[in-house]
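Every chain is named by a letter (A, B, C, D, E and F) in the order it is written, and numbering of its residues begins at 1.
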């Protein structure tokens, strides 16, 4: 155990980072085990509240795949596939909206409020924050972002709230769309001209060779990331995450981070240490 | 059909009411058939948007009993009774929150936005707007309001949004409570020092004798309402509604209205005609 | 007579127009019979107050030819002509200012206030809102606008007042000028970057052939209007009105309207119906 | 002539008074020869502009008896008397409003603007600033103040304008009333909680014995003023002026001044010298 | 050395304290070795900057006895005694002002700015923040506070600056006074209705018996503190410090702290641990 | 002596200048005898306070050579020369800062406050207003401005304070630099986009031939000033003053003035007379 004086020194060590990021906006895609395991969940939430207290404006975006899958199962809803891809039919969309906006979102909000922050949860429908359209005719109500209205987010953030956004979008015609939360986070970060986009996931970041721990890439520029996708070195579920990062950078965000949300305080470590713990993608 | 000139006259007839209520807050408990029948739903929503455009600040509170019952049925969830009263166990509460905050709330928000208004939906957890505690140890997670924080509601309303509130409260300990939406509306109206509390329901208001249409009471004062409850003339489901009205009046609201939300534009008629169409309870 | 429900529907029909014009500025040249006939006067005034309540910023400009002629007659003042044109000598100017700024202006202001609006009447001298110079050396104190200072107009309008402007201007040297009210309205609309300039008069608008009712032009673009003037199809007293419209359009106003102010609610009909009732000139 | 250095010293001598009155409101009843003689007029106007530049908020109230008399004469309007008192019939009222709000008011406004100030002229109708009722059934439309709405005055004054008010009031029913300008000034001063009410007139102030110059009273308290009225030492046209002062003091104004507006800069001398030049009435 | 994850935990442990003190004002009397020893100095400064970053408003008050003594020695200025007490003659006062406001104050300001804060240093003369009068005719220009004007302090603090105040006051007549910095801090804390007054010194706080470490008093209420002074248990240089605390408490400050500024981070430890490290005096 | 009426006329004569400079910023380099001779000092201070009261924003910059020389002498500090130029070593710098920021600055502040203004004195360290670097490696801690941060100056000026700035700068590394006050004033004027830079000194301005009073140049443009420097007609101590003026003009200041601060009210005369009394350099 550390003695109090050593603890105080630790606070002081954080000062240069506080100074650097004071008043800046961080869009955090909150997902993976950091959102399902209760202890990890609380850990990440405390990190986020801390950011708010030291003058950073965190904005959370979340999806909720596992919770949705579970609820569909409880409802006995069978998945519907077209060409091997899961189709989001209207019934699935309804359940998805309920689970994301009514359960996952409010759980996060309550957890933040209980631990000393002040959160407000919204879906993309609220204030028409996320306008969307159908992404692919074959996949039903899977959407892609057409426009982000930042007015409500700025209003809440400036008044001391931490906005928590469900990755639900709404079409011009009022149709509800389920959107990949990584992409929503990337677009929100770009629209807000955020300092950082941080995507919490269950892997540490990007490796040249997953079998070689030494090949981990702590920093990566935009061009190199593109290359690695083309060379299939970045592959699978990492592709949309890296693409969301690239979209954010294209939109003016200063840096984008892929981060393993599972180890304690990885969020703070990425922000408050020079080396960081994940992969940072820069312009 | 009316000719355009006659239509314009109708707009002009509304002027004295616009003047009277300009800048005032109306808390509207939205429920009953006006919330389930698609056509009636749209009718009420348009009325509410109109109120916003003419300078009134409408704030909506909704429950969602029928939608919850249906979802519980779909999930095969059996009702649990203690002494003949339905108990809200934790699983029911979870489903209730999803249905109210994730489905009913977002449907209302989307409908408002699609028809030209700007709505933001929140539950009592957001911004810790509705603090609650257990109402009765035997009924599980049925709650009663302990405090309303109006900060978020005022912020949204002043910025041009129509706030839409799910009747979900949160305890000091983070516990989620399901609260009767009439009471929530009454408490919100009192906390905001609203001009009016308007409860939309499926009956016209209060009668001395339900079999005698002539005994309908268009106006009622606080003392008389109390009396009618004691004399069992106001009974059944009307009791909590009238009690919510009385709580609002006690809290400083100028008048409270019980209104049948089913006939077209009953909301506007109650506000924009001298006689009104429901029962108004005054101090 | 219409029943209340039908009346409410009429309010709702106006919603899309309210949405479209919310927060926009309309400069209305108020003149002709709509300003002299008491019943028509009240009709137009109510229409204008309604615009203010639904979030539009109306700004009125008025002249007062008939009232001036009458007062000059009462004073036994003989008209003075040079080359067949009436000269505004200093004495006439003094009477004109009294009649416009002291009588016509205050009558309009009082009528608005009595009917539920809040008006403030100014002449071009107040806050040096209308700077002017001599238009034609032979005509004495007839002026033309050199500059509009919008500060006072915006201040009043933003605080909830309806500004009412007499078409009196003031020179650098302090000289008072009488200016054609149509031109003043056009210049004020341009300076405020108004959404609409609306000129109320005693004819319906522009016809290709005054004897052929079917030749009425509900819409006209800028180039076509110019052409019609050159071809003498627009002639007489309509020329300065159309020119005022063209000046407004040149200055950035979105559309300009010529309207018969005599039929009841023609102002509302022009704004709240798709076809309108007068002639709209667009870019 | 003074050399420049001596002139600069004079500016410096005014500093303690500038400091004392910075940000304070002075209501000035502008009348008498100071309003009709061109040279005196300009002198007083310059004094008022100077007050505005050094951080005082002057607000002018004016009547216009002589100008009205002249116009009535030109119109051949015969005076109508009841019990020896002149009756303000509707026709006289109309002419009075035109002369006051359309001529005298705008002349003052233009003169201020031409000399480097920024004035806005209003009548009591504008923004319903002066609400009034009939003072005496026998005198027709002579009114007395029932309420002053200070909103418009404060708005204009805070934005750098000098408000100039015609002593015209308006009744609940829209009736126009002519009100004694001294009383209007007193009521406006009270409503604004002004620092000073200053009434410019054609006599120096109050004497115990008009034939004895040594009996001039430079300072007078409220009780003494009341006494002098009861003893008929203050009499004639001075009575309403002193009463206006007493009303202002009763309403919270710090001091009220009666002043001869004819000698050059008497306004500045009253404010910027310890002794003053008129009669000051204090609590 | 601690690993990064443990360091992050330390930040998180501070959250409840951040929440508790967010937006509160702490007046800190900065003195003793913490102001003269370079390393300790930097330590305290970093602690103060940290407070600012986490949303607390620190306001510093300093004296400068040792630095003054040294400068007087360099100038060969002999101390002047009356009845055994040192007299602050005008020459000493001049040197004191130079040393405090020109050297000690600017050193602190520069140190804060260099380490990531934004400080503005003022003396009591600036904005007439500290009005004073002679404390004792025999001691020359030693002063006591007569009034604190908080306007400048609030202005600076609200704009993100850390105000640093030299304990110099000014009399009505412009005379400069040297005031005990503990008292200045106490009065400033009272005038600002601060949450805490914290006096940094070279002893740990208050003991019942200085020879018995176990008799240290971590908490003390107002009455008990008074008692201990009367019983001479609090004595010597501790008396003015405790009196300053009592004045602050009397003025509405929530708690006052005596603290040894020498151990690293004692300031943070007092604020961010439940037990604290010094003596806290409460109401 | 002048009679009061003549005095009032003098105030009125200043009106056109008040109008011209209302709301403008004047940066005044205060130095020379106007800062050492008590009577002249008070004269200049009163002039500056007057400027503030009539709506101009004066900002003072001062050095303090003579006071520094005297203090160094009292301390027995020997001057250190390299190549004939005085070197500012660290000890001299310390004394300079004390004298300028702790004595000269606070004396000016107190004098302003005592005479009815509200001043706040800062050094370039406060709010990091003046960032600097070493000007010449041989001269020690003599600095030159690298950046002016106007935030604190605007904040104070807008709140009614007169900022008084010591010509002390601070390096990126925290080093303190002594900077020529004329240059500081020029740079501050440029950074604030001031209307005027006014340098008070002990000579009247610029002559073509110092022995020919008729060759005095009341106005000079930028090119001509440059020429006169090249031709050695402007020489000696006047060169840095003229260069400071040229820097201000290059930075966007409208005019720069060299002025003899010794004659009474020369500051007011330069501003409030058409001819002025010093040399004005224009673009």
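Going forward, a contact is a pair of C-beta atoms (placed from the backbone, for glycine too) under 8 Å apart; a residue touches a chain by one contact, two chains touch by 3 or more.
Please read these numbers as outputs of a predicted model, since none were measured by experiment.
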item	value
Chain hops separating chain E from chain B, counting only touching neighbours	2
Counterpart interface for A-E, drawn from A-B, B-C or C-D and sharing over half of its contact pairs	B-C
Approximate Å spacing (C-alpha centroids) for the pair chain D, chain F	45
Chain A-chain D separation of Cα centroids, rounded to whole Å	68
Gap in Å, rounded to a whole number, between the CA centres of chain F and chain E	35
For chain C, residues that touch 2 or more chains besides their own	none
Chain contact graph, described as a line, ring, star, complete graph or other shape	ring
Sequence of chains encountered when the ring is traversed from chain B in the direction of chain C	B, C, D, F, E, A
Chain D partner contacts - residues on chain F that touch it in the complex	2, 4-16, 18-19, 22, 46-47, 49-50, 53-55, 115-116, 263-265, 268-269, 272-273, 277
Touching residues (chain side chain D, partner chain C) in the complex	74-75, 94, 97-103, 105-106, 109-111, 113-114, 118-123, 125-128, 151-152, 155-156, 159, 161, 168, 170, 173-174, 176
